[in-house]
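Labels A, B, C and D are assigned to the chains in the order they are written; within every chain, residues are numbered from 1.
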Amino acid sequence: MDSAFPDVQGPQIEEVLGDTVTVRQPIFDRHGRPGGTVSGPVMMMLADTAAWMAILAQIGPVLLAVTTSLHIDFLRKPEMADLVARGTVLKLGRTLAVVDVAIYSKGRDEMVAKAQVTYAIPSATPAPADGA
Amino acid sequence: MDSAFPDVQGPQIEEVLGDTVTVRQPIFDRHGRPGGTVSGPVMMMLADTAAWMAILAQIGPVLLAVTTSLHIDFLRKPEMADLVARGTVLKLGRTLAVVDVAIYSKGRDEMVAKAQVTYAIPSATPAPADGA
Amino acid sequence: MDSAFPDVQGPQIEEVLGDTVTVRQPIFDRHGRPGGTVSGPVMMMLADTAAWMAILAQIGPVLLAVTTSLHIDFLRKPEMADLVARGTVLKLGRTLAVVDVAIYSKGRDEMVAKAQVTYAIPSATPAPADGA
Amino acid sequence: MDSAFPDVQGPQIEEVLGDTVTVRQPIFDRHGRPGGTVSGPVMMMLADTAAWMAILAQIGPVLLAVTTSLHIDFLRKPEMADLVARGTVLKLGRTLAVVDVAIYSKGRDEMVAKAQVTYAIPSATPAPADGA
């Protein structure tokens, strides 16, 4: 996966545990918004990336998986600190994968954003028995 | 809450634990679809109700809370059996509450649907310190 | 489609025009909520049905199409009057169809709810050239 | 608005017409993905920005409006060309605004992405008569 995310300032996988991947996004000044909070698009990008990494952790490097939909609720304004996203694969079907993503500020308990992300899996991918 | 849901065939609260409410929806023939599965609208209604019950479990009987948005991903076709929804309050702000809802077939481990539901809280409600 | 919706009290197609289907949902007392408004689940069911009808108007009676996700924003409380939904097919791919649905109270201009609905198309369906 | 978006490479308002704002996002190599398509996060950022600009066109420069939720369906892979987003305000309430956003490749008819975005309006904002 390094070749797809060579940027050391990009999201880094911290842990893979069962269906869940934990990803850390380093936060720099350029990610900020007035009022000292991380911008919404940074959290959307992280939700999308964490979902993709969670799927790849299950089925291997299918770089051509593409996002078909993303829903995100912004819950609290995160301070300017690294973000941690936990992506859990809810469904891994023949053509669709659905991932739940919870985003936190590093070291804090309160969730700052919550997403549900759907990816289309290219048809060449070996098919599990169930689902669409 | 009984007065709002007098129907014994309606959703029943099974447990309240911290921020999470567990609700059971009895399933009858009229809830079915060809192929022996529960209809999508029944799951959407359950997601909406479980979110409402999760909020009421936190702030008391604010019957005028109204749904402002609902997002649901359908993951697997549930068999014709009772459904169990677990609603967890992610945010309880002055004007908005966001609830995560996971739906299962009674007695089975695989999630059949996953929702994120937002309610508007009437302004007379006592306000917590944080958030919008 | 009559065989799938035999109920004369159910949603009725009023018009098919290009990619757009207009569906009317008769509203009765049982659809109401305290305060004289139509319940949210009725609008969700209508959004789901209008999306399905919009897809069928394009590809014929594929009864096995199933909803994979539904997002709805509730905009205004509709009075107790028939609802009209306008479903427009935004994408009709090999495996997924996405439909935009706008819901109004019959004879009024203001939108009461807005949805985006995704259906999975069974693989036996003849495939258009593009998209997933 | 210039002070908030000083970047000439950022999104530019092309037209304001009634409830609808048209915004153009210049696309450069850094916005691309393998296969010659624009990245999903660029479209999410554009949807968020176009929604914000549509609200500001109605109520003036309320810079503190914050996104509370965003739902986006990706419909087709856009080529590497400027994107055009059309944001239409569906509801402008006392505390919430909901905006529909359609995204196209410049000069082409087919929609590439469709979003529904909700913003919270700071309470100091003059209140319209209706809605939450």
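Everything that follows uses one rule, which is that a residue touches a chain if its C-beta (ideal position, glycine included) is under 8 Å from a C-beta of that chain, and two chains touch if they have at least 3 such contacts.
For clarity, every value in this text was computed on a predicted model and none was experimentally measured.
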{"item": "Chain pair, B-C or A-B, that carries the greater number of C-beta contacts", "value": "B-C"}
{"item": "Mean-CA-position distance for chain C and chain A (Å)", "value": "31"}
{"item": "Chain centre separation in whole Å, for chain B relative to chain A (CA means)", "value": "25"}
{"item": "Where chain A touches two or more other chains at once, by residue number", "value": "66, 68-69, 71, 73, 118"}
{"item": "Chain-level touch network, classified as line, ring, star, complete or other", "value": "complete"}
{"item": "Touching residues on chain C, where the partner in the complex is chain D", "value": "71, 73, 75-76, 90-91, 98, 100, 111, 114, 116, 118, 130-131"}
{"item": "Chain C - residues contacting chain A, complex", "value": "66, 68-69, 71, 95-96, 118, 120, 132"}
{"item": "Interface residues, chain D side, partner chain A - complex", "value": "34-35, 40-41, 44-45, 48, 63-64, 66-74, 77"}
